[in-house]
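Notes for the one structure printed next.
Order of writing sets the chain letters: A, B and C. Residues in each chain are counted from 1.
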Amino acid sequence: MRAARATAHYVLLCLCSVVILFPVAYALLMSLMDGAAILSGRLWPENWTLVNYEAAFQQAPLGRYLWNSFFVAFMITLGRLIVSSLAAFAFVFLRFPGRDRWFYICIATMLVPWEATVIPNFLTIQALGWTNHYVGLIVPFWAMAFGIFLLRQQFKQIPHELYEAAQLSGIGNFRFFCRVVLPLSKTSLVTLAVYSFLDAWNMYLWPLLVTNDDRVRTVQIGLKQLQTQEIASSWGVVMAAAVIAMLPTLLLLFAGQKQLRKGLMQGAIQ
Amino acid sequence: MNERVSPVFPPAPWSVRTKRAARQAAMKSWLEGMVYLFPSLLLFGVFLFYPLGRTMYLSVFHTDYQGQPTEFAGLAHFVALLQDDSFWHSLKATILFAALTVPTTVAVSFGLALLVHETRKGIGIFRTIFASTMGMSVGVASVIWMFMYNPAIGIINRLLSAIGGVPVSWLLDQDTALYAVAAATIWMNIGLTFLLLLAGLQNIDPSLYESARIAGMSYWRQLWTVTVPLLSPTLFFVTTVSLIQALQTFGQIDFLTKGGPVEATNVFVYAIYREAFVNYQFGSASAQAIVLFLIIALVTFLQFRFAERKVHYQ
Amino acid sequence: MAFLELVEVTKSYGGKKSAVENVNVAIESGEFFVLVGPSGCGKSTILRLIAGLEPLTSGYVLIDGQVANDWPPHARRLSMVFQNYALYPHLTVEQNMRIVLQAQKVPKEEQVKRCMEAAELLGLTDVLQRKPRELSGGQRQRVALGRAIVAQTPLCLMDEPLSNLDAKLRAKMRSELRRLQRQLGMTVIYVTHDQTEAMTMADRMMILHDGRPQQIGSPLDVYNSPDNTFVASFIGTPPMNLAEAHVLEHSLLLQNERPIRLMGRSLPKAERVTVGLRPEHIDRAESGEEHVTAQVSHIEWLGNETLVTFELAKNLYWTARWNGQWRIRLGEVVPLAFDEQALLFFDERGKRIGAPSIKREEVRVRQ
C-alpha cells in the first residue's frame, strides 16, 4: 500500500517534470539540429551539430549582449542591496524625527507600477543624456520598496541589545551596520540579490526604450533582434541563442533556490 | 528615604543648556537618519514620485512628439479614452488575460507545491525542476514558445496533426492568440509562484499535521482543514502578485504578437507603449498610464488591508 | 564625592504613571550596588537611564560629579552585561571581546593582551576561537562578562546577568562574580528580581516597587529594619509574617480574632497597625512560658531546617523556621512563643513605626 502510494507519487512527479521541462528540452534539441532537420519537423536530431551555436555568436554580438545583461543585472543588484539595506537600517535601528512617516512613503511606492511612470522616466533619461549608456539602464532601479521591506523584516530579528551593547562600547552606527547587521543578514541579502538579479536580467520594456545600440543592448533585446531578423530560415540559431541566454539565470536559480525560498517568505508575509 | 544626597545640584544656567543640547541631539539624529535614507529618497523622488506627478500632468495636456506639453487639454484625453473602442477593447483583453493566467498559475503552482511538500528521496531534484521556469527570462521563454506555436513546423501543430487535427495558426488567429500567449505566460510564472507557495507550506507547523493524523483525518481532509486555511495568507499574496504581474504584461506580447492580430492581444501596457513610443501621443498615453496606476494601486491597497486583517485573525 | 549619583531621576513614557519616579542615590567607587524588585518595577529602566540608552524625563545623572544627562552612551565610560548576553553571534569569543577595544582604538598588542588576561581570569582560554552558539550557557555568560572586563571601564551595569542560568550554576556564579568584582575593583550596578541574589551579593541595595524606591541600605539593614511592608514581605524567604492588628493596652488583637499578650514591649500609639515577625522569631514555647497555641497547616522539611505553617486566625497563616528536623504532624496543635522584641509595627500606609532595633551604621561598620 505504502509502496504503491510512493510509486504513484513518483510517477506524478515525473509527469509534471516532463511537462515543465519540455519547452527547455525542445529548445535544446532544436538548437542541436541543422536547418533542414528542423524544417522537416523532427524532434530528435539525427546528426548532432553545433553549427547553430557558432552562427549565433557570428550573426549577432551575443557575447556582448550577455556581458551587457550580466553587468547591468549585477550593478542593479549591488545598488539595490546597498540602497535598500541603508534605508532598512535607518528604519530599524535609528531613532529620528519623522522616521515612520518616511517609512510609509517608501512603502507607498509599492502602489505605483513602473509602467505608469515610464513615459516621464524615458524623457528624464533622454534629458540626462543617459540613453544608450549603462547608467540609464541601472540607476533608475536602485531604490526598491520590496527590498527595503524585506531587509527591514530581517533586521528586526536582530536583538536590540546587540545595538545597545554596540552603542555602549562606542561602536558607531555605520560600523555596527557593516560589522554586525550585514553579516547577520546574509540569508536575506542573498535572497534579495538572487531575486534582483533575475528581475534585472528579465527586464525588457526599459532596455527596449533606452537602448538602440548593440554596445549596451541586453540579451533580451538581442533575442528580439535575432528573432525578427532570422525568421523561419534559421530557427536553430535562435534556439541556440535562447539556450545560451537561459544558462546564467538557470545556474543562479539552481544555486540560490533554497535561500530564495526561505528568504522570500520573510518579506512576503508578515 | 534615608539616603543623603550630596548637594551638587547643577547651577541654573545648565538646565537651559540641556534643552538646547536636546534640540541639537534631535537635529543630529535627524541628519544621520537622513544620510541613510538619502539614496532611497532621492531615487524614489527622481524616478518614481516626480514621473508619477509628471504623468498626471501630461495626462491633461496635448504634447508634441518630444513629450513637451503644448496645450492644456483638461480631461479631454480621459473623455476620449472612454469613447474609444480600442481602449475598452484593450481593457477587456487585459482582464481576460488576467482571468486566464492568474487562477491557473496559482492552482497549478499549488498542486506542484503540494506534490513536493512531502519529504521523499530525491524530492530536491523535483523542487528544482518545478522552480526552474523562474530562471526563464521573458525573451527566452517567448522565442521558445513562438517556435512551439509555429504553424508549419512547431511541435504543437505536429502533435495536433498526428492525432488527426487541423493545424492552427495559434498566434495569428484572433480567436486563439490571447490564449496562446496566456499559456506561455502561465509556464513562465509557475516558478516564482511555486517557490512562494512551497515556502508557505513549509512554514506550517508540522505538529498540526501530526495531530490531524492522530485524529485519523484523510489526506484530503487535512488539506481542507489544515493546509488551505493556514496557507490562505500566502495564497492570497501570491494571487495578488500574479494579478499585478498580469496587469503589467508587456514582454511576451511584444515578442509573440505585437498586440495583434486586430488588437486581440493589445493589453494595457502594450497599448500605452504603442500610444507613447510608436504614435508619440504622450498626453493620451499618460492618461492611460494613470488609469493603470489607479487599478494597480487599488489592488495593492486591498492586498495590504486584507493581509493586515489576516495577521490579526491568525 | 560619590562616583555615580542619581538626583530626582524620573522617567515617564507619556502614560499616567511614570515608569521611574524620583530616584535619589549616590553610589561609591568600588561598590556593588543592587537594584532589586519584582518585574516591571522600573529597575531595568534605571539601568538604561544610567547607560544613556534612554533619555531622562527629569532629574540628573551625575558621573564623577559632572552632569551626564546629554552624554552619549559611549562617553559615559561604562560597560553593560545584558540578560541575554548580547553576544555577536557571527563573531568568535575573541572577536566579541576585541570589537569593543577596536571601537576605542586600543592598540592591537594591547587588545590581545587584555583578551588573554580576561580569558584566563574567566577560564575561557580554550574557547577563544569558538562562536557563541558553540558555548554552554555559563560560558556565554562569562564571555559577556569578559567583554565588560576588557573594556576596563570603571563602572559596569549588569541586567539580570544570571537569570538565564540553571539554579546550581547561578549559585556558583554569584560568589565568582563578587570575587571578580573585588579583585578588579569595579563598581557594579546590578539589577535582579531575585532577592536571594540581592541579599547575597550586594554591598548596598535599593528595593523598587512600581517605579518608586522603597528603601536603600545594606542587606542586613534592609532585612532587619524594612522601611515598609512591601520591603518586609519582598526580602527574606520565607517572607516576613504580617497581620493586621488592633493595638490594645498590653496586647495586640490579630485580625479581630487572636489576642497576643506582650510582656515587655512598648506598643505604638496608633490604633490599627500591621505587625510583622520573621519566621525565625517564632519558637516552640517551653512549659510555663507565655504562649499562643495554633494548628499546623503545612510543613516543609528542608533537611537542615523545618518550615512550619500555622493557622493563627481565619486565613491568617504564619510560618516558623526551626533548625533541625522536627517530627510534627499536620493538624497538631503547638504552643508557640513569639520573640516580642523582634516584632515590627507598620502604620496604615505600610510605613514602619518606631526605631530600628539595630542601628544602620553598625551594620555597615561590621561588614
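Just so it is clear, contacts are C-beta pairs under 8 Å (C-beta built on N, C-alpha and C of every residue); 3 or more make two chains touch, one makes a residue touch a chain.
None of these values were measured; they are calculated from a predicted model.
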Inset, instruction - Assign the assembly's chain-to-chain touch graph to one of these shapes: line, ring, star, complete, other. - result: complete
Legend entry - Between the pairs A-C and A-B, the one where more C-beta pairs touch: A-B
Inset, instruction - Taking each chain's centre as the mean of its C-alpha atoms, give the chain farthest from chain A. - result: C
Legend entry - Centroid spacing, where centroids are CA-atom means, of chain A and chain C in whole angstrom: 58
Inset, instruction - Provide the C-alpha centroid distance between chain A and chain B, rounded to the nearest whole angstrom. - result: 15
Inset, instruction - Would you mind listing the residues of chain B that make contact with two or more other chains? - result: none
Legend entry - Interface residues, chain C side, partner chain B - complex: 1-2, 5, 7, 24-26, 55, 60, 62, 65, 67, 69-70, 213, 215-217, 227, 360
Inset, instruction - State the interface residues of chain C toward chain A in the complex, per the touch definition above. - result: 51, 53, 72-74, 78-80, 82-84, 86, 88-90, 99-100, 103-104, 147, 151
Legend entry - Residue numbers on chain B that touch chain C, as the complex places them: 1-6, 8-10, 14, 18, 21-22, 25
Legend entry - For the chain A and chain C complex, residues of the former touching the latter: 159, 161-162, 164-172, 175, 179-180, 183-184
Inset, instruction - Using the touch definition up top, name the residues of chain B that touch chain A in the complex. - result: 26, 29-30, 32-34, 36-37, 39-44, 46-52, 54-55, 58, 66-67, 112, 115-116, 118, 120, 126-148, 150, 152-153, 155, 158, 187, 190-191, 195-196, 198-200, 202-203, 233-234, 237, 244, 247-248, 250-251, 254-255, 269, 272-273, 276-277, 282, 285-286, 289-290, 292-293, 296-297, 300-301, 307, 311
